[in-house]
Amino acid sequence: MRLRVLYFAWLRERIGAAQEELETSAATLADLVTELRGRSDGHALAFADLKGLRAAIDQELVSFDAALGDAREVAFFPPMTGG
Amino acid sequence: MRLRVLYFAWLRERIGAAQEELETSAATLADLVTELRGRSDGHALAFADLKGLRAAIDQELVSFDAALGDAREVAFFPPMTGG
Amino acid sequence: MPERRPEHERVRVQAAAFDPGQEVSAFTAALSASGAVVSFTGLVRDGATPLTAMEIEHYPGMTERAIAAMVADAMARFGLEDARVIHRYGRLSLRDPIMMVATAARHRADAFAAAEFLMDYLKSRAPFWKKEITADGAAWVAARDQDEDALRRW
Amino acid sequence: MPERRPEHERVRVQAAAFDPGQEVSAFTAALSASGAVVSFTGLVRDGATPLTAMEIEHYPGMTERAIAAMVADAMARFGLEDARVIHRYGRLSLRDPIMMVATAARHRADAFAAAEFLMDYLKSRAPFWKKEITADGAAWVAARDQDEDALRRW
């Protein structure tokens, strides 16, 4: 499955990219994270602790056990600080 | 004691005057009300039931058992509906 | 915190119309330490019967004193940088702004709480009386028990 | 109640500055059935260290969707006549308005509750991230536990 992965805030800075296009067969978001950790030291560091992270599939906030299904866009970011 | 008495809203309409100057020896607001009831049928009607009324002495909200002391201005009115 | 504005400049009781948006702009522009500004505007609206006009009677002198005391209380209680209360009296038309409250604090919880506190006190403790004029005649607005009850939360 | 404004006109996510007072005026002028309008404005303010600037990053597309969903939820839950959310992104200066919320309802309790509901959700569920730039460098603002806790009351 072809996927666009987006990173925001300090996650983006740590990984050194705002987005990546990749091919994956991951079934869940947690599986995808395991794959992403292997891509670089920056990725490994960024995804070291999921407790401080949030994720969205196709622009909807989800938990890390969510199935990827036919997702086209996945995003990872720290807790939001809007308002 | 010389006193200015003010009336507001439906109390003013029922009494037919916005203010009166009067001489009184009433010790408390309740005593003053008893005197005022005797002034006219309109007064008697206006002061028939104190439960729905509020009062102020020298522009401070008080209860009907308040002493008049050296008050110069007393006001009677229905519950406020500002805001 | 900058030097505080004198209490009397925070309260305006007037017959003239005002623009709540303009007031919010002026209020906000004068702030220096706040992160949160809350405003409340009360508008004349129809009740069960379509409204022709609203007449608001007040107790000149006591009104300003009572509101200034509420504002001083809110400033201290919620650590506000500034607050503003404007309240009209006289004859108003449908949709006219009747009054407004603005509050400014570092954090939103204090700004919201202070605005609600001021509204609750203005409703039941500021000497204003509203009269609704409709095609059926004129009637004084009755105080609502829930407005009196609202004071108990503070 | 008049015909309702489409959801997307109620939400603006923009780099451009805006004037909260002007927005309150426009919002209020378009109402027909409300007696209560509440506005909240968030301003850039200094933290422990004096601020040089604030940078706000957002997730284009998801931001608008997430806020539109919150607004629709607030409209239904509190029976609002109208609501408005404006939120900036990009580089902001000290005292700039960051965002605002406006709500309109027949009674004040609903207008206040809806504004607080929207603020609580915007803080923790709209994809914005703030970075503070000071003389010491740049640092991402950390989410506060109390902002997450605030959602539990709804």
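Letters are used for the chains, namely A, B, C and D, taken in the order the chains are written, and counting of residues starts over at 1 for each.
FYI, a residue touches a chain if its C-beta (ideal position, glycine included) is under 8 Å from a C-beta of that chain, and two chains touch if they have at least 3 such contacts.
No experiment lies behind these values; they were computed from the predicted model shown.
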Subunit B to subunit D, fewest steps along touching chains: 2
Whole-Å gap between the CA centroids of subunit A and subunit D: 26
Distance from subunit B to subunit A - Cα centre to Cα centre, in angstrom: 72
Separation of mean Cα positions, subunit C and subunit A [Å, integer]: 48
Residues within subunit C bordering two or more other chains: 42, 108, 119
Residues of subunit A touching at least two other chains: 83
Those chain pairs that satisfy the touch definition: A-D, B-C, C-D
Residues of subunit C touching subunit D in the complex: 19-26, 28, 31-46, 95, 97, 106, 108, 111-112, 115-116, 119
Subunit C to subunit B touching residues, read off their complex: 42, 57-59, 61-62, 65-66, 87, 98-99, 119, 122-131, 140-143, 148
Subunit D-facing residues of subunit A, complex: 6, 8-10, 12, 56, 59-61, 75, 77-83
